[in-house]
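Input: structures, listed below.
You will see chain A twice below: alongside chain B first, and alongside chain C after that.
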Partner chain A sequence: MKILNLCIGLLAAAAMMSCGDNTNKKSSAGGALNSSAAEKVYVAPGEQDEYYAFISGGYSGNLTVYGLPSGRLFKEIPVFSQFPTSGYGYSEETKPMLNTSHGFIPWGDSHHPDISQTEGVTDGRWVFINENNTPRIARIDLETFETVEIIEVPNSAGNHSSSFVTENTEYVVAGTRFSVPVPQQDISIKEYKGKFKGALSFIGVEKETGHMDIKFQLLMPGFNYDLSHPGRGDSHGWFFFTTYNTEEASTLLEVNASQNDKDFIAAVNWKKIEEYINNGGGKMMPSNYAHNVYDHNSHTATSTMKKEVRVIDPTEVPGAVYLLPTPKSPHGCDVSPDGKYIVGNGKLSANLTVHSFEKMQEAIKNEKFDGEAYGIPILSFEDVLAGQVEQAGLGPLHTEFDDKGNAYTTFFISSEVVKWKLGTWEVIDRKPTYYSVGHLTIAGGNSREPDGKYMFAMNKITKDRYLPTGPELEHSAQLYDISGEKMELLLDFPTHGEPHYAAAIKADKVAPNSKKFYKLSENTHPFAAKSEAETKVVREGNVVHVYMTTIRSHFSPDNIEGIKVGDKVYFHITNLEQDFDVPHGFAIIGQNNSELLIMPGQTKTSVWEPKQVGVWPFYCTDFCSALHQEMQGYIRVSPKDSDIELEWSLGEDVE
Partner chain B sequence: MKNYLKLSVLMLAFAGILVSCGGDNKKEEKKEKITLNQAEPVKKEKKTNKVPASKRVDLDNKGVGPITSVDLPADIDKAMAAKGKDVYEKMCTACHKVDKRFIGPAPKGILERRSPEWVMNMILAPERMVREDPLAKDLLIEFNGSPMANQGLTEEEARQVLEYFRTL
Partner chain C sequence: MKSASIIMIIGSALLFSLFIYPLWTVELEAPQYPDGLGMYIHLDGLQGFTEYDLQNIDGLNHYIGMQKLPTPADMWEFRTFPLVVGGMAILGVLIGFLGLFSKVSHKWFLGWLVVMTVLGILGMYDFNAWLIDYGTNLDPKAIIKVVDADGNPFSYKPPLLGRRDILNFTAVSYPALGGILLTVGMLLTFIAYLIGLKSSKK
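Let's turn to the complex of A and B:
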């Protein structure tokens, strides 16, 4: 068998050599068969990767962190979903992170991570990511790789054309995919046309802290706003959104939203709207949405309900919004690194459409309009068109750019990535993906300075790429070397959940700032015990607070008596360690909750409501030292009417 | 590692016993297990005349780590010692009680057995010490393999703790 393979390999090699195509500078024809592909992705044991990739988890609700070029998974960051591994969304401190106007929501659908920028370049401070189902935007701090803020987006539904940042992170933008009545009201679905609105939300980001605040919502016609990207360079100050369902159908969209020959890209001049607001424009609309902020010192999140939001009627701000006709339900909406071109990939169109920002400006100046939609001027397709990439493939979705003036577009139906040239619109190369690619990512993709070394494609279908794992498979991704004229497939790697977009960045912009542990001296948690002297157990009626500490390898206290059935016991656990990578875990039998995983210097709280009399153990869940198995304790639970006094201790018999 | 080794030896011994017992009388088997298990460590334990690491006196050994020399003036700096007490109470008491063995040894009288440099290196670079300093290595074993945690003290704080130890 092996011999056979070898023979095939040799034959293939021979075939490659005999091709002798001198125009191919690199031996890319071999693809993954080429032995150099292995070298390109090999990160030797103990060595570190060159890039971080932040890959959305889709229906996992989370964000995964990978290394490139190795494709190794480093971390899953819980964002919109409860995460029993660490206790996120289960611990008392993090439950408020998942609070919304609909109450506590344990799950989310995360889509498009984007890295914060300064002067048009990724700065490695934060990652923003959107939740599609119950519209929210989260901010992840890249010092701690933890979710530190989540803001709900009112008047929105299907938060999909999100969460992309402007070139100085002035805004993170969130557009609605589903239009809804604004404000929500009890009306017939048949009243869709005209009554439903599409809210495009501009969320201001505070420069120093990163705190988010909805500056305004633009209430657009009831189309579906699918994806978006900011202008940059000359087009900085504008934001572009693809639309579909300009038919405004509310049923069988599969057919009814594919009728129009052209939908639109909505071009929004947010600087103009800022001016309008500064002059008192816009209306405050009563609303109700959650703003959840996690504090690294108290290790605690707080949730505040906000009661109003500023809304803008686009027709009241002349010059703020224009519609650019774009063929056939465009999906991806991508802006070239120089900000000159806006690419709209009509899902159902044979050609890729590229609009020119310069021509758009010209057409606006000349007031050359082709009509209007609900009072918003429509520019003429021919006037704004820069060019088309013709018959490039089937089912175009998303485009990224390199640093050499090339664009890379994914084609879902024909399952390939196509490289083409900006300006000449000619196709340079195409490579298959396995299979049915959605998004693709190039490091710094949404910025002025993309890094044209690697590109990876995130596929929707895996089939036979890995050993089978039953009917359900992880999605596959493929890494390509794009440094040469032709793309070269280097690596297959599985991803977790369903990745939509991903954002990648050079590791040296992030790794040096990564925190190693939380300082105990900075811990302001109200229930922290910052030394064993501060440990105690306090009863307030049937509520009991246990101030407990961990260090290799014991809990303090580790024997507690005087707890009664019907008590509500809060374990506030502080990890006293002050060293890198020494977490301790906490779990107690019969807990209707997850474990806690407590980082050094951190305090986390878990609630336990014992229902049965007995002596119940708890233990450390993280193998913390050679004496980890000894890290355990007992709690005596007595009947409700018992008069056993509260008592707690540690190591009384140690001589 | 050693613990695992011991464990496997015990398990092997235990398994051997089970097999040889033949299991015709369950009660007897239980008793036998207990007596044999108690006898086992006695057989295995090799008595040495070595002084336990915690009692050994080695004032020349400076240990390994960032500290190569410490000047201890004759008089104790009370203000520095007070700061050291504060640091000690916050960062060390989870494992060290002043005057009795706890998870780790008691600091009282430590400078009669160890050099000031050794003490500070143990505080500042415990991972390196248990790897490279034979005495620290022996201590780790004597204290059940419980590692000295690196609590991230600054050199200044470690020096303050040392001054506090002089007052004990």
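Let's turn to the complex of A and C:
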């Protein structure tokens, strides 16, 4: 067989070489256009993009998958919000994914996707993303591009300084933006100072399976923890969090939280805390939070309530936390690829502050402290400062890095991206964005090896960039070529929801592992019918289970009688197809939840509670085949007191 | 005669490769199947390019009322062919060894080749007859019924060798590695005969 494969391989190589000739001809003919932006983003029909971009959907609660440089949308992955397109959060199997200690939450606010890493480099296995409103962290599997795990974060509120991973994905970190009483209690809001705490959660990620478990929560002073990033290289083992509202105000924060000349970057030595825990440190606090896991064999999620969490008082672990004064309510907290610099983007400051990890270590060694906050030592600003980018722009928010020692910072107020040099702190270039940029992304941005080919800026305001669509507009994004000295604007494309951060990765790290379909032989769903012979309808009181299958182009069974008003009918649909891209859909009149879109080899369940007597049709919603329109069936619903027996069939009336 | 006998042994032993490699390849090409769809024909049964190709080919064929692809239990050929090929290979190697020890003449090499060629032609004839049945013996209740230019039912018979457009697919048939080695082996036995003939004339 190997030799045969080799022969086929040689044939394929020959075919590719002849294709290669064609391409060369094409590009030489277009030589005059080499510098055009259009050519740089043009991905010809049939060709594929070089990068995946995973762009958060903000208040859509989801994650969108784009191709770069084309800016084409490939998929919207449902994460924290119900998604009727596929039935996510509506099907019986996926409802547990959205379970929390507050009950079923149909919606979320997704913020900062980050790709798993091995040895400081993105490995393309998982994407983590945080939910801001009801604090949760999700893990998306990049073999299936599906959400496979969601863990709720207790003692947190406004899960914003999240979900960034350490360089071997030891942890995905989730910090609270709003400080709250820990544990929650009925006290006056005026008791904020001293009583409210900010929990920084370190969620361990199991190396092989990716399963998440909260290892510890650091209960910090009641500041607002805005963003964070891990150290890497020499600073691996540390995590850095920006803070604002160190004034600890609880009302009119836009004024009251903008009074201090400097807030802090909190530097957390998580390795030291690990040691402390391994020696029995910390205490278990009673708690209640959901851990939801989706299994790809049973195609089913389970939700477990966890009842305790380990909390750490930072003052009890000497050397674990230091505060680095940073001007004016810093927002983004970004660490250079070599781990030497920590950039604090002080959003109300004219200058950009860069701290030195080396100088921080030196100051700690010499115990040169400039006071303390709630027992946590504060280092002196001058002692840790590496440099400042002077008067770079207005309203700095976020910084990413390329592979040539440059940094790129977004400025919300002056609506631009500014390129500057690490070490010399000089501004090299600036380009406008359209308009009011928030985050920006460079592939491998939070890693040791960023890929300095493209950068894209995600804006908060769209205005006139596209054809108007009434008062509500999708947000705009701009793609820039950053391979040269000056940035070059290439493309403008709309994004879905409100993109906060995005994570991008070379396509060849992900695409080869993408699953084509689920193997029917591996399906362990308890209600799966793995062949038409296994289909059946079973009544248990007023609950009816329909074990149904789909294959081009029919349901089995497609005629069902003996259902009564008041029954609760579970349609368990198994797609028997074993080929790439042959989903079937299932919809029935009066479905109070959503359709199901079932991938080959998968089983999904929709519950239907008929309220009216009659004969009601169901059909396939996905144009699956030439006879898709024929893919339909009927279900007879009789009065509650009817004595009609259950009967089901396929093809019996055709002779 | 020594070199002729060794070539005879090698040539007939190449038949054993059919127990490892497939004889023939039938491929279905269509734009919707960028990864290809098709099967290898082994001596003892069919094998899809992937685990699911046979089932997917059957799935497509059900629209036009074709029979399901045969399993080894469905066709006597899949049980008989391994015996015939194995027997001929052993016989060929035996004749080669006998030649090596001058027990038989080069004419035996030709005799083996003639028998093998006759069997090969019979095999091809049988394979073609199956292709005709498979491509034309259709379910009268077929979902899609197509007629040719003369108004006769369209034949879905894949070609024995070469390409043929069948509705939206192009069917391509060609020898697989086992088939190629079989041909090379038979060619070698003919060369063995020629060398034997030449040395006998000296």
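One rule holds in what follows: the second predicted complex is superposed on the first by the 617 of 655 C-alpha atoms of A that agree within 3 Å, B and C clash if a C-alpha of one lies under 4 Å from a C-alpha of the other, contacts with A are read in each partner's own complex, and residues count from 1 in each chain.
Please note the rule applied: a residue touches a chain if its C-beta (ideal position, glycine included) is under 8 Å from a C-beta of that chain, and two chains touch if they have at least 3 such contacts.
Owing to the predicted nature of the structure, the values given are computational and were not obtained by experimental measurement.
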**chain B versus chain C as contact partner of A:579, first or second or both or neither** = both
**Request:** Report the partner of chain A that touches more of its residues: chain B or chain C.
**Result:** B
**Message:** Taking the superposition on A as described, I'd like to know which of chain B and chain C A:626 touches: first, second, both or neither.
**Reply:** both
**Asked** In the superposed arrangement, which partner chain does A:530 touch: chain B (first), chain C (second), both, or neither?
**Response** first
**Message:** One more residue to check, A:651. First (chain B), second (chain C), both or neither?
**Reply:** first
**Request:** Using the touch definition from the top, say if A:556 reaches chain B (first), chain C (second), both or neither.
**Result:** first
**Asked** Where on chain A do chain B and chain C both make contact?
**Response** 551-552, 577-579, 626-627
**Partner chain C, residues of chain A touching it in the complex** = 1, 3-4, 7, 551-552, 577-580, 626-627
**Request:** Would you tell me which residues of chain B are touching chain A in their complex?
**Result:** 3, 89-91, 93-95, 100-103, 144-147, 149-153
**Prompt:** Within the complex, which stretch of chain C touches chain A?
**Reply:** 20-22, 35, 51-52, 55-56, 59, 63, 143-144, 176-177
**Asked** What does chain A use to touch chain B in their complex?
**Response** 517, 519-521, 530-533, 549, 551-554, 556, 576-579, 582, 625-627, 651, 654-655
